[in-house]
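Here the chain labels run A, B, C, D, E, F, G and H in written order, and each chain numbers its own residues starting at 1.
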Amino acid sequence: MKKVFTRPKSLKDMPFHYCPGCTHGIVHRLVAEVIDEMGIFDRTIAVAPVGCSVFCYDYFDCDAYQASHGRAPAVATGIKRVLPDRVVFTYQGDGDLAAIGTGEIVHAAARGEKFTVIFINNAIYAMTGGQMAPTTLLGQVTTTTPYGRNREINGCPVRMSEMLAVLDGSAYIARVSVHDPANVARAKRAVRKAFEVQMAGLGFTMVEVLSSCPTNWGLSPLKALKWLEENMIPYYPLGEYKVSGDTTPLFRHDSGADGGLSKNDPAEVG
Amino acid sequence: MKKVFTRPKSLKDMPFHYCPGCTHGIVHRLVAEVIDEMGIFDRTIAVAPVGCSVFCYDYFDCDAYQASHGRAPAVATGIKRVLPDRVVFTYQGDGDLAAIGTGEIVHAAARGEKFTVIFINNAIYAMTGGQMAPTTLLGQVTTTTPYGRNREINGCPVRMSEMLAVLDGSAYIARVSVHDPANVARAKRAVRKAFEVQMAGLGFTMVEVLSSCPTNWGLSPLKALKWLEENMIPYYPLGEYKVSGDTTPLFRHDSGADGGLSKNDPAEVG
Amino acid sequence: MPRVTFREERCKGCEICKHFCPKGIIEMAGHINVMGFHPATVVDMEKCTGCATCARMCPDIVIEVEKEEKKVG
Amino acid sequence: MPRVTFREERCKGCEICKHFCPKGIIEMAGHINVMGFHPATVVDMEKCTGCATCARMCPDIVIEVEKEEKKVG
Amino acid sequence: MAKILMKGNEAIGEGAVRAGCRYFFGYPITPQSELPHYLAKRLPEVGGLYLQAESEVASINMVFGAAGAGARVMTSSSGPGISLMQEGISYLAGAELPCVIVNMIRGGPGLGNIAPAQSDYFQATRGGGHGDYRVLVLAPASVQEIIDLMKDAFDLADKYRNPVMLIGDGVLGQMMEPVELDEEVKPVVLPEKSWAATGRMGRDKKNLINSLYIVPENCEAHNLELARKYGTMAEKEQRWEDYHTEGAELVLVAFGTAARVCKAVVDMFREEGRPVGLLRPITLWPFPAKRVAALAGTARHFLTVEMSMGQMVEDVRLAVNGRRPVYFYGRAGGMIPVARDVYREAGKILTGGADS
Amino acid sequence: MAKILMKGNEAIGEGAVRAGCRYFFGYPITPQSELPHYLAKRLPEVGGLYLQAESEVASINMVFGAAGAGARVMTSSSGPGISLMQEGISYLAGAELPCVIVNMIRGGPGLGNIAPAQSDYFQATRGGGHGDYRVLVLAPASVQEIIDLMKDAFDLADKYRNPVMLIGDGVLGQMMEPVELDEEVKPVVLPEKSWAATGRMGRDKKNLINSLYIVPENCEAHNLELARKYGTMAEKEQRWEDYHTEGAELVLVAFGTAARVCKAVVDMFREEGRPVGLLRPITLWPFPAKRVAALAGTARHFLTVEMSMGQMVEDVRLAVNGRRPVYFYGRAGGMIPVARDVYREAGKILTGGADS
Amino acid sequence: MFEAILIAGFGGQGVLSTGQLLAQAGMEEGRHVAWIPSYGPEMRGGTANCGVTISSRPISSPVVSEPTVLIAMNRPSLEKFEHSVVQGGIIFVNSSLIDIRAGRKDVRVFYVPANELAEELGSGKVANNVILGALIELTGVVTPGAVEKSLREVLPPHHHKMIPLNLKALEVGAGLVRGDGPAAAGAG
Amino acid sequence: MFEAILIAGFGGQGVLSTGQLLAQAGMEEGRHVAWIPSYGPEMRGGTANCGVTISSRPISSPVVSEPTVLIAMNRPSLEKFEHSVVQGGIIFVNSSLIDIRAGRKDVRVFYVPANELAEELGSGKVANNVILGALIELTGVVTPGAVEKSLREVLPPHHHKMIPLNLKALEVGAGLVRGDGPAAAGAG
C-alpha cells in the first residue's frame, strides 16, 4: 500500500483550532505540501498575522514569527533583508492585509520584496467576531454592518490583487479559491509558483485565496462554500493578475462570472 | 484698466515661505482661483499635511486643519462625515500621501469619500531635507539614496493615480503638471473638475500635480522645470485616470513620452 | 482496495468530505467524538477509488488515503 | 498699453516669469530686495501684450496684470 | 427608570448615545467588540454614523476631523490599537480637541492576550504619545457607573477641550449587570463651539485646528497654557470613592475590576472588625492625590492592588510622599486578583510582616 | 585615535556602525535627518543596508523582523514617529528582541515644532505602548558620549534581549563637537543568538518570535519573567555622572542638553564657593534612584531641571521619597533653559525662598 | 445568599442565554446579579461557558472561578471545571452527552439526561432548561415565577410562543429533584 | 577664554562652513569647541546661521543665544540679532550688502565691505573669510596657523587649490583691523 494522501511533514501533528469547515485548514495544508515538495522546509520562515490564523506559527513547523496586526509584510521585509537566501512567507487575512496593513502590503509590493504572501480573503474580520472587512461584499450583513454593507457609507469592496498588480515590484499575483477540488488543486499550483518566483528573486509574490468562514457568515460549512462560489467569485474574479519574467501563466485570468477558471484543468493530484 | 490677473481672494495676502521657484505656490494659486470662481469660499475647509506645504493652512483663508503626517484623508473623512454639505480638500505631498499615508488614501478612495485631494508629487521629501520618496525616480540621487535610487533596494517609483483609479470609490483622478503655461491651465481645469465632482457627490477625487523642488533637486528653478518635463512626465504620464458619472473627460490620457497632453489645448486664461 | 482512514478524534463533522466524495460513500457517524461532533466515515470501502478527493478537501487533515502500488509497465 | 506690476519685496528672483514671457521683456534687476534676491521687472512695457503668462507662472504671486477693457462689439 | 441587564460594552455605547455622541470611528479589537456592534446598530437609529476605519491610526484621525468640526465623537480600542493612536492623541491634546477614547485594556505587552488587565495605566495617565500633555482618565467599576460616566466624559471633554479616556477591561466590558436607564432618550443640548472649523459660513475670522507652533517661544506659551488647563483639571476633577476608609489603618487603593475584588476584601476584614478600607480612584488622571494625602494622615499603611506589575502604585507613592509605607500587590497578563489572596497579603501588612 | 569634529546625529550613525549594526530601517523626520543621511552612505560601505520604510510603523516592524533574524539593527525618529512606534515597541519588548531606537526629541505635543525638548521622558521611561514593559533608556550629553554609548546600547540590548532607546534632541543631534575615534573600524564579534528565527537550517527545535500568550496564566508567567529581567536591569544598569555633588546642599538633577546648562550653573555657584552640585542621569530607565536616594541623605534640596513641563521630577520625587524637598524648573516647547535663569532659581532655593 | 453558577458546554448548546435567563430572574427578584461569558479565540463552535452570580450583596468579581454550582453540558466541560467547584457545591452532569462520572466526593453530583428529556418534550433546545429547573428547585436561587417573567424579557417577541415549552422543561427538571417527575435525577 | 560667535546670512553665503572652519581651528588649538546650525522649516534659500563656541572650559549649551561676536552677512541678520550681542561684544557688518548701521552703542561695530574686498581678490565666495580674518586678528580666538591647518581638514581635497585664496582673504581681513591692509574696517 502506498500513501496517496497523508499529512505534510511541514505541519506539526496537532489539531487546528479552526471552526468546523473553515478553509484556513485547507490552505495551511497546501502551503505545507508545497514546502515539502520543494524541499525547502529547513530554510523556510513563516510570518503569522493577527487574525484567526494567528496560531499558524505553531502549525507550520518551520521557524516562525508572530507579527503585529497588518505588519507581517514589514516583518518579512526585515527578515528577508537580513537573510536573503531564506524562503519567507506571510499568511494574512483580509483585515490584516487589506485594512490596517494596507501601507505595508502596498510598499512591500512596490519595493518588490522577495517573499510570498498567502492572503486569505474571507470577506470578514473573523477572529474578532465577524465585523465588516474591506473585502466584505455589498449588502453583506456583518456585526458592524447590521443593515448590510452600504456603498454610500462603506464604499465598495477592495480588490487587492488587481490593485497590487499595478505596481512594478509585484512579480506574481494570483487569486484562487478553495471551494471545490479543482480549485484546491489550482490554488496549490499558484502557491507553488509564487514560491518559485520568490526563489528566482523576481519580486513580490502573492496568492489571494477566497476562503470561507462558516461561523461568521452564519452558514453551514457546505453552504459557506456555495456562498463563496456564488457571491465572492463574481466580484473577485479568479486568475493570475501578474506573471513576471520567463514564467508562463498557469491559468487564464478572465473576469467572467464563473471566475474564468472552472472550465480549466480537472482536479490534479499532488 | 481691468485686472486680467490678480491675487485670488481665497489666499490671504502674505508671502509664501517656499523657496524661489517652488511650484507649490502655483498650485496654491490654482486651488484658490477655483474656490473663488466657484463661489464656495465660505463653505470650503482645507486640510494641510505635514510637508513643505504645512503652512498652507495659513495661506488659504478658509477654515483649516493641520493634520498629522499622512492622515489628512482620515481627518477630511471625519470632517466631511460631520459636515456633508461643505467642500473639503486636502493638500498633500508625496511623502505624506504615497508613503506614510498609503492606508488612509487608499481607503478614502475605496470608500468614495467625497473630498478632493491635491497631491503634490515632487519626487522627494522636501521639508525634511530631500530624502527619497516613494515617487523618487530610479537613479535619482537624494540624501537617502546617495548612490541613486536603486530598484533592487528601493523598488520602482509608485504611480498613485494609476493605483487609486483601480478602486471603485474613486470618481475623478487626474495627473497634471505645472511646468509650463499650457500645463498650468490644464492643471487648473482638473482642479476645478475635481471640486465639481466632489460637489456632485460622485465620490473620491484627486488631482496629482507634478511639481518641482529646485532646492532638493539641486537645480535652478528653470532647470527644475525642465527636469520635471524630461524625467518625471515620461514615468508619470499626464492625463485623466478616472472620470465618473456624466462628466466628460477634460483631456485624453495617453502614456506617450510627451505626457500625451502637450499637443492639446493651448494655454487658457482663467 | 484503497484504504481511507479517519483520525476520528480530529473530525469536526463539517461534511465537506462527504459532499465531495465522487462515490458518495462517506457518511456521518451517529455517535459524537470527544469534541462533540458526528465524525465522518466511509460506509462502503469497496466502492472507493482512492482518489483522495475527500482528503484534499478536509480542512482538518483528518483523512489519510492508501492505495495499492501500481505495477509499472 | 497693459500694465504689469511686481510686488518687488515678494519676488524671489526665480526667473520663471522671465523665461516664459512670450515677448522676452522681463529682466532681473541689478539690485537685491530685502530678501536678498534680484527682483524681476519689465524692461519694455511697450511690447507687453498683457497675456499674463508671467503672472500665471510666478510661484509667488508677485505679478498683477491690467489691460484696457475691450470695447464690446 | 427601567432596570435592565446590560453588557458593559453596550452600556458604553448607550451612554454615549445619551450623552449626545453621534459619531463613532473605530477598528475592531477584542475585548471591546460589543461596543462597535452595538453602535453600528444604534447610531443610525438616532441619525448618527458608525464608520469602521481602516485602522486605529485612521480612526483617531477621523476623530480629529470630526471633533474639529464640532461633533461629539468617540473611538474605542484596546492596548495594541490604543498604542497606535498615540500620535493622534498627542495631536488631539495639542490642538485641544474634545473627544472620548475608550480603552478596554487586555493583557500585554505585544499581542499578549485578550484577558482583563490594567497595565495600560502609565500609557493612559502619563501620555503614551510625545510631548507634555494629559488626557483625563475615567475608570468605572460597574455597568451602571459606565452609563453615568459616559455623560461626564463628553461633558468634561467639551469643558476642557481635551480628550477624555474611559478605561475598563474585558470583565467590565463583557459582563452584564442591572442598570437603571431613563425610559426615553432625552435630547442633549450640546455646548456651542465657536472655535470649530466648520467652514467660515460668514464668520469673519477663520478657525484653525492646529498643533504646530514652529517658533519655540510660541510653543512654550502654548504649553504653559495647556499646563494651566491641566492644573485646573488636577485641582477640580479628582474623583474617588471611599469605601470604609473611616478609621482604616490599612487603605487599599484599587480601581475598576481590581477595586471590586478589594471591596470584598474590605468586607472580609470589616466583618472581623479589622480596620481596612478601600480608596477607589474614579479619575486616574487627575489621580485623587488630595484624598490619598489626607488618608496618609490617618492610615498607617497603603496597599495598592492592580492588574499589572505595578503602575498606579507610583501615583500612590507620590501622593503619600514617604509618610507611610506603600505596598503593592498585583496580578499580570490577564489574571484577576483573588479576594482570598489579597486578604492574605493585606493581613500580613496589618500584622507587620510585609515589605513595602 | 583621531580627534575630529562630528555632528551628534552622525556620531550616532558612526557609533552604530562601530557597534556592529548593519541594518537601519527608518522614516525621515527632523531633527534626526543627518543620521539616516549618514547611514544611507555609510552602511553600504560596510556591507550593510539602509532601507527607508514607508512609515515609522513599518520601520519598527522591519526592525522586529531583522532583530528576530539575529541582526544588530536600529531605527531612529522623533516624537510623532516614536509615538507611531509604540505598538511595535511593545511587541519588541514582549517578544524580547534586542534593538536600538533613537529618539531625538522635539517640541510637542502634536506637530509641535522641531526645536530641542525632553518632553518624551514619560513615553520613554514608562513605556508609551501597552502592557507592562520597559525599555532601557540612555541619555548622552555630548557627541563623544554618543559614540561611547552607542556601543553600550547594542551590547545591553543583546545582553537583556530588550529594546534600548537612546534619546537626545536637536541640539545634541545638530551640534558638532570634537570626538576621539579609533582610526580603523574594528570588527565586532556579535554574541550568538540561539533563539533567533533564521530558518531551522538543521536545528532540531524550531525558533519562534512571539508575544502572544493566550492563556492568562502563561501570560502572567511571561510578565513575571520580564519583571525579573527588568529588576536585574534596575539593579545593575543605573548610570549617572556626579558633578560636584560632594558636599552639595543643593543637587540639581538634569540630563542631556539641560545637564550641560546645569554644569555651567554649578560652576557659577562653585566659583562663589556655594555648595551646589549636579546629578546627571545617564540611564533614564533604570533611573539612578540609588544615587538620588544616597544624596538625599546628605543634600538638603533637589532641583530638577528639564526641557519639559516636569516629567523626570516624578522619578526624583520617588527616589527622594519625601525626605527632602524636590523643586522643579523647566522650559517647554523647544526652549532651552538659560544658565542665568537656573542660577537664579537655584539661588532662591539655597536661600530658602522657593516652593517645592 | 450567594450562588456562583458556571454553565459550560459546546457552542450552540445555548449556555450563554441560559445564564442570561438566570441572571435576569435574579434581577427580577431584587438580587445583585452579574453574568459574564468566557471569551477568547478558542475553537469557535467549541466550548463556551458563562458565569452567573446571584447574591444578596454587591458582587465583587463577576468571574466565576470557584463555582458553587457547575452545570456541565458536555464532557470537556466536566473534565475542565469539575475540580474548581467549591467544597459542598453542586455539579449537574448532562448525562445525555457525558458518559463518564464525576470524581469529586465532596460535592453533590446530579446526573440529568437533559437532551433526552428535552427531546421527549419535543425539542432538544430546551435541554438546558431541564437542568435549570432542577437547579432552581434544589437551591431556590430564584423562584420559578421570576424565571417565567424573565423568559418574556430574554426571548425576542417572535419566540414567545416557545415559552410554554420552556416552562415545561423547567418543570420536568424540578420534578427530577423533587422525585415526583417522570425521571428522577441520579445523585452520585 | 570664551567666545560665542554667531555667523548669520543668506543661505548660500557659506556661513555654516565658515563656522565649521572656526570650530575646527579652535579644536586644533586644544580648545573646547561646539558648532551648531539653526535649523527649521524657514524659507529655504532664506536666512541661515550658526553658532560657534570656543572656550578653555567645557561648553554648556552650544546654542549661541548671547553672542560675544556677531557676524552679520546680510541686513535681516543684523536686524534680527543685533540686540542679542553681549555688552562689550563685537559686531561685524558686511557693509557690501547692508546699507544700514547698527544701533547699539555698547558694543564695538566694524563695517567690512566683505563682498567687494573678496571680489577684488578674485572671488566673492571668500567674503566670509575676510571678516573671519578681521575677527581673528581682533580677538585672537584662534591663531592664523590653526585656521590654515583647518582649511585642509574642512575643504574637500579637490578644493585645496582654493586654500591660498582663502588665506589671502583672511590676511586682508586681518589687515583691516591692524589698519595696515588695503582697506581699513570702519569701526562705528
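Convention: a contact is a pair of C-beta atoms (placed from the backbone, for glycine too) under 8 Å apart; a residue touches a chain by one contact, two chains touch by 3 or more.
Not measured: the values here are computed from a predicted model.
A.B. asks: Over the chains that touch one another, what is the least number of steps taking chain C to chain G?
C.D. replies: 1
A.B. asks: Using the touch definition from the top, what's the fewest steps needed to get from chain A to chain H?
C.D. replies: The fewest steps needed to get from chain A to chain H is 2.
A.B. asks: Please tell me the distance, in whole Å, between the geometric centres of chain B and chain F computed from their C-alpha atoms.
C.D. replies: 39
A.B. asks: Report the inter-chain centroid distance for chain C and chain F in whole angstrom, where each centroid is the mean of the CA atoms.
C.D. replies: For chain C versus chain F, the centre distance works out to 60 Å.
A.B. asks: Let me have the rounded angstrom distance from the C-alpha centre of chain C over to the C-alpha centre of chain D, please.
C.D. replies: One centre to the other, that is 85 Å.
A.B. asks: Hunt down the residues of chain G that sit against at least two other chains at once, touch-wise.
C.D. replies: 40-41, 45-46
A.B. asks: For chain D, write out the residues touching at least two other chains, lowest number first.
C.D. replies: In chain D, 12 touch at least two other chains.
A.B. asks: What are the residue numbers in chain E that touch two or more other chains?
C.D. replies: Where chain E meets two or more other chains at a single residue, that happens at 30, 49, 51, 54-55, 57, 80, 87, 91, 95, 110-111, 113-115, 210-212, 214.
A.B. asks: Touching residues of chain A toward chain F in the complex: what are they?
C.D. replies: 41-45, 47, 54, 57, 61-68, 71, 74-83, 86-87, 103-104, 106-107
A.B. asks: Taking the touch rule as given, give the residues of chain A at its contact with chain B in the complex, in rising order.
C.D. replies: 99-103, 106-107, 110-113, 134, 151, 153-156, 158-159, 162-163, 166-169
A.B. asks: If you look only at chain B, which of its residues touch chain D in the complex?
C.D. replies: 1-7, 11, 15-16, 18-26, 29, 180-181, 184-185, 214, 220-222, 225, 267, 269
A.B. asks: Where on chain F is chain H touching in the complex?
C.D. replies: The contact residues of chain F facing chain H are 3, 5, 30-31, 113-115, 170-171, 174-178, 257, 260-264, 267, 336, 338-339.
A.B. asks: With touch defined as at the start, can you tell me which chain G residues reach chain C in the complex?
C.D. replies: For this pair, the touching residues of chain G are 10, 45-46, 74-76, 97.
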